[in-house]
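Right, one structure below, let's go through it.
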Amino acid sequence: MAISANALPHAHADEHDHEAYLRKEHLMLDPKPRGEMNALVMESMTTTSWKFWVIAAVMAAIVAIGLFGAWGYMIANGLYLTGKNRPGYWSLFLVHTVFWIGISHAGTFVSALLRVFKAEFRRPFTRAAELMTTFALAQAGIQIFAHMGRVWLAYWMFPIPNQRLLWTNFHSPLMWDFLAINTYLLSSTMYLFLPLIPDLAMARDRSTGWRKSLYRILAMGFRGTEAEWTHLRIALNIFAFAILPVMFSVHTIVSWDFAAAMRPGWSSTIFGPYFVVGALQSGVSAVAMVVITIRYTMKNMDYFIRKEHFDALGKLMLIISMSWAYFFFNDYMVQWYGGDKWTDALLHFHEAGPAGWIWFMMLITNIAIPWLVLWNKNWRRNPVMLFTVGLLANVGMWAERFIIVPVSLEINRMPFMWGQTFKPGIEVPMFIGTVAFFILLYMLASRLIPLVPVWEVQEGQMAHSIRKYGKEPVVSVADLE
Amino acid sequence: MANPKIPEFKADWKEGEEGRWGMAIDMDLCTGCQACVAACSMENNVPFVGEEMSGYGRQMAWLRVERLWEGEYPEVKMTPFQPVMCQQCGSAPCEPVCPVFATVHSQVEQLNLQVYNRCVGTRYCANNCPYVVRVFNWADYDRPEPLPNQFNPDVTVRRRGVMEKCTFCIQRIHKAEDQAKSEGREVVDGEVAPACAQACPADAIVFGRMDDPESRVSKLSKDGRAVHLLEELGTNPRVAYLKGGSNGNLG
Amino acid sequence: MTDKNLLLAIFEDIDPAAHAVDALRGLGIHDEQVTVISGTPITEAMLGRKHQWSNVTRFSLGGAIIGFASGCFLAFATPNMYPIIVGGQPLVPVPPSIVVLFEMTMLVMLISTFLGVFLDSRYPSYTPKEYVPEISDGRIALLLDCPGDMEATITKAMTEAGAESVKRAEAQVI
Amino acid sequence: MTNKLSRRDFLKLASLGAATSAVLTGCGPASRYVTREPYTKMPEYNYNGQSTYFATTCRECAAGCGLVVRTMQGRALKAEGNKHNPVNLGKTCARGQATLHGMYNPDRVQSPLKQARGNNPTDTDWDTAISIVAEALNNPADTAFLMGLAPDHLFDLVTDLCKAIGAPAPIRYGALGMFEARATLGEASRAVFARPDMLFFDIANADTVISFGANFLETWVSPVAYTRGYSQMRRGPGGKRGRLIQIEPRLSQTAAKADEWLPGAPGSEGLVAVALGKLYAEKKFGSAPTAFEAADINLAAEASGIPLEKLEHLADLLAEAEHPLVIPGGATLAQENGLETAKAILTLNALLDNPGKPGGVYFTPANPLSNKYQRAATANEMAEFIGKMNSGAIKTLFVHGVNPVFELPKSLGFEAALAKVGQVISFATFPDETAMLADYILPDHHGLESWGYQRVVTGTGQSMVSGAQPSVAPFYNTRATADVLLAAATKAGGKAAAALPFKDEVEFIQDKVSVLVGAEGGFYNAADLPAFWALFQQFGGWWKNDSSLGVPPQTANAISKELKVSAAKPEGEGEFHLFVYPSPILAEAGANKPWLQETPDPTTTVMWNSWIEINPVTAEELGVEDDDVVTVESAFGVVEVTVYKYPAIRPDVVAIPFGQGHTAYGRYAENRGVNPANLFGTTTNGAGDLAFAGMKVKIQKTGKKRPLSRLESKLGVYGIGMSEEH
C-alpha cells in the first residue's frame, strides 16, 4: 500500500544507524519475545492509578445524571424538554445518532478494510478501533431510542407481528435502518470477539483470581490448535470481506433516512457515499484520538503504538478529508445548479442563516485544518497536533450533521412554516452523557480486555524483515497465508 | 376492507384521480377569520399548549391560515389567506416512511389515516410532509377540569409522543355513511361537512364527494381557478385552492 | 482420553517444530495423531502438514441462504398477511425489498459464521484439556497420541529436533 | 381523558338530565316544564353514543347568531351554527366556536360569593343573596343597573322592573359598542335619513364597496353576517365580482381582503368622503350638489396622504359601479370630527343614490319584540353615570354582562367611582375585574346554560328574535339573574312584585314572546303558546320569512344640505397616532378562553399576548426591533408592549389590539398583555362617542425584550434571521 512505501530517510552514512532507525520506527521490525509482549499487555491492563478511578467515577456520575437521569425524566414528561418543534421535528437526537454511527464506522474500516488490504500498520490498534465501533453503536442506539416519542413501544419496530399479523413497514427507510444497524451492531460485536479469543486465552494463562475466572469463561477453552486457528482465520476472512458492505450499507441507509425524504437539500443521490465518507472522517479521527490517548495514558503502550501509526492515521485522515471535500462539493454543486427555489433558499440559509457560522466552521475544521496540518509529516506525527485535528474533524462532522438535520429542516416548501428559533434542550446533557458513557465503557474495557491483539502483532512481526538491496535496508513483508 | 386491488408496480398504482372525498377552498372568499381553526380544535379535541410552547412552533392546531407579504409600504399587499390542512394526498409521502404502519391509506375512504395507538413517534412522516401539516404531541398538555367535559367522544384524545393531523373529520364522514347506509342510499352532497367547512362564515371551504361529478366540490375542483398545493410533487392532493378573483359561477 | 498415551512436546520456534513433524512422520506417526498447538497462528504449510478441514465456510453459506429466505419472508410474505397500501407504493415494493434481503442475508450469514467457529471448535468447552500456559507465550506444542511402546523413541526424536521439553500430557483445567 | 367521572356521578348526572327535562326536542335538560313520561322509551339524550342538539343563541357578542349545541349525556360537546338562523345561516366565528371554553372554564364563579370588594371571598347561599337584592329593590332611587349588550330578555326584565319601582332605567355598555361608535352612526342617520337607527349595509348586493375603516369581517356589528355579505359580493349576481376598497391607517383583516388598501391618515376620512363626493358628482353629473360643493380635493389628498390620482380613481370606480356603497367604520367615527365624518359618508351614500336599493343602505328591520333601538351608552353617557356614582347618589349598583373596569377607558375613572358606591352586586359568570371589586358575586349561568332571547339589530333583513335555551344543566351553583331578580321582586313585594308576576325566567320570556303567537309571515306559525314555545326552542328563535328592511327617505334634501368637514384635531402630544382596534379573535371578552388565546391573530399570527404594530421604517428610526418592549405614553396612561414590525401600517401610526391586559378574569387572561383602553382620553365627538382614534402617543424604547408567540415563521415570512446577500 502506498502508505508503507513512504520514503524512508536515505543514504545514511552508517547502515546500522539506518537499521536501528527502522526498528525504532516500525513495531513490526522491533520484535520482542511473545512472553514479554504478553507481560506488557497484562501490565497495561492491571496498572491503574487512582486518577483513573476518579475519572471513571466522574464519568459514571455524568452517565447516571446526564444520560439516564435526564432520559428518564424526559420519558416521564415528554419530548417538550427537547429543542424540537415544527418544522424541526428531528434535531439533536438524530444529529447525535448519525454522529455516533459515524464514529462507529472507523472500527470496522480500520480493522476490516485494512485487513483485507493487508495494511500492516493496523495491527496494534485494530482492537481499540473495533471496541469503538461497538461502544459508539451503543450510544447511537441510546440516541435513536431517546428520539422516539413513545420509546416504551420501541419493540413495535422489531420485525415481529402484532396479534393481527401486522408486521412492520419495510417501505420505511427507518425499518431498513433498524435492520442495518442491528446487523452492524451484531456483526461488529462478533467481529470484535472472534480475534479476541486467543488474547483472552493468553490473559487466562497469566492471571489469577477473578480475572482468571472471567477470562476462562470468555476464552471458552481456546488452546490454539491448528484447527481452532484455521476456523478462526477463515471466519475472520469472511467477516473482513462481509462486514465492509454491511458497513457501507449502514451509513448509506442512514443517509437514506434523509435522502429518501422529499425535502429540499435532503433529496440527493450523492448522500450515500457522502455520508459514508463523512462517517470515516469522524471515525478515523476518533481512532486517532483514542490511539493517542491510549499511547499516552496506558502503561507500556509506547511500545505498541508509535509515531508510524500517527503518521499512517494522519495520512488516512488527509485522504478522507479530501474525499469528504469532494463529496461535499459534489452535493453542493448539483444542488446549487439545480436552481430549485426551495433548495436555493436552503443553501442560502445554510450560509447566511443564524447557523451560518456553523456551516463555515464545518468547512474549516473538515477541510482547511486537516489539509493545512496533515500534509506535513512532522505535524501529523505530533500527537498534540494530530489529536487536535482529530477533535476538530469530529466537531466539524458534528456541525455537518447539525447543518443537515435541524438547520435543513428549518427550510421547507411552506415559507409560512419555516423555522422558528432553535433552542437546545435536554439533548445537550444527554449527548454529554453519551460521550461520558462511551469514555466510561472504554475505560472499563481497557481494564478488562487486552487492547492490543498480541497474537496479531506477533504474527506481523514474524512476517516482517529487513532485506538489503545493495546497501539499502528495505522493509519487506512475507505473505504468510 | 373492501378487497383492495393490489398493484404490482408503482407505475400501475393510480388511485382514482379525484379520490373520494375532497375539499375546495376559495381563497378569494377566505377572510382569514380563524373560525375554521377554532372549530377544528373544538371538534377534534385538539389541546392548547400555552404561550411559550405555541411561540416555539408547537401549536397543535390541525389547520392553519397562512398569509405572506408582497412589496413594501405603501405598495404592500398581503397574499390571500390560505387555510392549510392535511391535503389527504392520493400518493402521500408521509405514509411509506412510517416504520410501524401508523400512517396508512384508507382504501375505502381514500383518505390518509393516522393511527394514534400504533404511532411510536419517530416523526418521520412529519418531515416528509411537504405541507408541514402534521403536529406532534410533545407533551401531555394540561386541560384543567372541567374543560375535558367538552371532549368529543367520537375522536380519540391523543397522549404525548404521537403524531396527529387533520382527518377530514372522518368521524363525521362515518356517521353520515352509516346514516345513508341505514337508509339504503349514498351520501348526498352537502350531507357531511368537516368542522372547518361547517363553520366557515364566508363559505370559502366546500367539502364533498369527489367521485360525484355533480357535487359542488367536484365542480369547484375542476374550475379554471383551481390549483393544488405543490402540485409538481405528484402527491395528488385532495384539496383544491381557488386562486384569483371568484367568478361566482358555482357559488 | 485416559486410554491414550499423550505426549506433549514443546518447541520454542517454528523450525524445530517443523523438523519434529518430519521426524514423527519418519517414525510412522500419522498426521492425524499429532495436534499442533500454538500461541500464534501457525499455518499448516509452515510445518509441512496437511490442510485442516473446516466447516466454517459451509456454515456461512448455509446462513446466507437462511438469511436470504428470512429476508424474502419479511419482504414478500409479511405485507400480504395484512395488506396496507402506503403512499401509492405497491404492496411489495422492489427496491426496498432489496435492502431487506441484503441486510437479512448478511446478518444471518455472519451469525452463522460466528456460530460456525463455535461449532467447529466445540466452544465453549471447559473440560480439562492437555495444555500448558507457555503456549500462549509463543511456544509451539506438538500433542501426539503416542503408541505405548514408542514413547522413548519419540521423546528422543523430539529432543533431538529441538524440543524444550517432552512430557506426558496431563489433561488439566485451563 | 383526564376527567374522572365516576359511574355514580355519571348516573347522577344522567338522571338529573332526565328528571328535569322535556322529551320534546328543543327543550333543554334545565327545562322546568317537564312532560313526564315513563321510561319505556329512554330520552334520546340518554342513549349511548347518541347526541342531542339544542338550538340557542351565541352570547360571545350581541349580534345574535344562532347556535346548535351538540350534547351527549349531559355534556355540551360542540357549538355549531344554527343553519336556520338568518343572521349566521349555520356559520360561526372563532369566538362562537370557543364558547364552550367559557362554560367549562376552570375559573368560573362556582357559587354566590360575598366579598369585601375582592377580599376574603366567602360562599353565601342564594336565599341570602335574594334578600340582599330585594333590599336594594326597596330603595329604587339609589339603585342602578349597568348591563351588557346581551342578553336582551334580561335587559327587558330589568327595564320593566326599573320602570315599575321607579329606579333609573338600566344603562347598557359594551366595548364593541364603543369601538363601533354606534351612537355616532345613529346620530348621523338622524341627520341624514331623519331616523336615529342602526343601519344595514347591503354589502352582498353591492358591486363597489368603499369602506372607511369598517372592519366588518372582524368584529364590526355582525361579523358573521357581513362576512357572508362579503362572500356574496365577491361571487356577485351573474358572476360579477364585487370590488372592495378599504381606507384605514393599518391593513386590517378586512383591508387584507380588499382589492385596494389606502392608508389614509386617521381623522381625514371625512375630507376624503366629501372629496370623493365632489369628484364623483362632477364625473357623473357634471357638477357637485351643495353638500359636496365646498370640498377641497387637494386638502383631502394632503391630509389623508392618499394621492390625488387615487382619489380620482376611486371616484371613477364609484361612477362606473351599478351598486356603489360606502361604509363608515368605528375608528373612523371615533374622532373629534366623527359625527361630521359619519354624516359625510352617509350623505355620500345618498349621493350615490343607494339608500333603500339593493347593495345600498337600509334601516334595520323593526324588531318583532320592540321597535326601539337600544344602543350602547356613549362615553358621555357613561361619564355622566360615573359622575352620579362619584356623587354618592348610587347606593347599590348591579352589574351584569359587562366588565366596565376593563372595557371602559381608564380616563373615565370608573374604578375610582366604584369605590364611592355603597354596594356593588355583580352577576358575573366569570371573576372579571369588575366582579373582583364587587361586594357580592351572584353568578349567572353561562350563556349555554341559560334561557333568553336576543333581538337581532342588524345582520339580516329579516325581522327576528333569536332564542336561547339551556343546552346542559348548570354546571355550578349558579342561578339565572332573571330568576334572582324575579325572586327578589317577589320578596320585595309592592310594585316590583306586581310588575313582574312571573314564577320564573321562562314564564317571563314566554310572556314576552307571546306577542308572536299567531304572528303573520313567520318562519313557522303556531296557534298557541305551548306550540309556539316548542318551535321557538326547536328553531332557536322566531323570524319573518321576508326581508323587512326599512327604506330611508328620499335623499334629495340630504345632498343639498351643506357639509362642514375638517380634519380632526388629535388629542394629546406625541409623534404617533394611536390606532386601537378590537382583536378579531378575542374581542372584549374572549381572553379567558384558552383556545382563543391560542388562535393566531389573522394579520399578525400572534398568540397569547398584546403587541404594538409599528411600520418597519419607523421602527428603524426608533431603533426598535421585533420583540423589543416599548412604552406607549398618552396624556392619560402608559403601557409597556412588545413591538411587531408590521409592514402594512402608516409610518405615523401605531396600532395596539384591544382584548388583552386583564388583571383578573381567570388564569388564561390574567396578567397577559396590555389594555390599550388605559391610554384613551376623554375627548368625545358630536354624538358623545369617545374619540379614541384621535389620540397621539409617545413611544420610548425600554431596552427590554419579550418575544411574541407567533404562528408564522419570521424567517419564512419576513426573512428575519437570514442576511440578504447570497
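For reference, chains read A, B, C and D in written order, and residue numbers begin at 1 within each chain.
The rule is simple: a contact is a pair of C-beta atoms (placed from the backbone, for glycine too) under 8 Å apart; a residue touches a chain by one contact, two chains touch by 3 or more.
In this text the structure is predicted, and so the values were computed from the model without any measurement.
A.B. asks: Using the touch definition from the top, what's the fewest steps needed to get from subunit A to subunit B?
C.D. replies: The least step count works out to 1.
A.B. asks: Can you tell me which chain is nearest the middle of the complex, judged by mean CA position?
C.D. replies: Located nearest the centre of all protein C-alpha atoms is chain B.
A.B. asks: Count the C-beta pairs in contact for A-D and for B-C, then report the pair with the higher count.
C.D. replies: Between the two chain pairs, B-C has more contacting C-beta pairs.
A.B. asks: So the centre of each chain is just the mean of its C-alpha atoms; given that, what is the distance between subunit A and subunit D in Å?
C.D. replies: Each chain reduced to its C-alpha mean, subunit A and subunit D end up 67 Å apart.
A.B. asks: Compute the distance, rounded to whole Å, between the mean C-alpha positions of subunit B and subunit C.
C.D. replies: So the centroids are 63 Å from each other.
A.B. asks: Could you grab the centroid distance between subunit A and subunit C? Build each centroid from C-alpha atoms only and quote it in angstrom.
C.D. replies: Using C-alpha averages as centres, the distance is 30 Å.
A.B. asks: Could you put a whole-Å number on the gap between the CA centroids of subunit B and subunit D?
C.D. replies: From the centre of subunit B to the centre of subunit D is 31 Å.
A.B. asks: Among the residues of subunit C, which ones contact at least 2 other chains?
C.D. replies: 84, 86-87, 89, 93 - these are the residues of subunit C that touch more than one other chain.
A.B. asks: Scan subunit A for residues touching two or more other chains and write them down.
C.D. replies: Residues 166, 168-169, 171, 175, 414-417, 419-421 of subunit A touch two or more partner chains.
A.B. asks: If I count partner chains per residue in subunit D, which residues reach a count of at least 2?
C.D. replies: Each of 707, 711-712, 716-717 in subunit D touches at least two other chains.
A.B. asks: Where on subunit C does subunit A make contact in their complex?
C.D. replies: So the residues of subunit C in touch with subunit A come to 35-44, 46, 49, 52-54, 56-57, 60, 74-75, 78-79, 81-82, 84, 86-87, 89, 93, 96-97, 99-100, 102-104, 106-107, 109-111, 113-114, 116-118, 120-127, 129, 131, 133, 135-138, 174.
A.B. asks: Quick check: in the complex, which residue numbers of subunit A touch subunit C?
C.D. replies: 33-35, 38, 159, 161, 164-171, 175-176, 179-180, 182-183, 186-187, 190-191, 193-194, 198, 201-202, 204-206, 216-217, 220-235, 238-239, 242-243, 245-246, 249, 253, 455, 458-459, 462, 480-481
A.B. asks: Touching residues of subunit B toward subunit C in the complex: what are they?
C.D. replies: Within the complex, subunit B contacts subunit C at residues 1, 4, 6-10, 12-15, 90-98, 101, 103-105, 107, 236.
A.B. asks: Sort out for me which residues of subunit C touch subunit B in the complex.
C.D. replies: Checking each residue of subunit C against subunit B gives 83-91, 93-94.
A.B. asks: Under the touch definition given earlier, write down the residues of subunit B that touch subunit A in their complex.
C.D. replies: 53, 55-59, 64, 66-68, 84, 93, 96-101, 118-124, 126-128, 130-132, 134-140, 160-163, 230, 233
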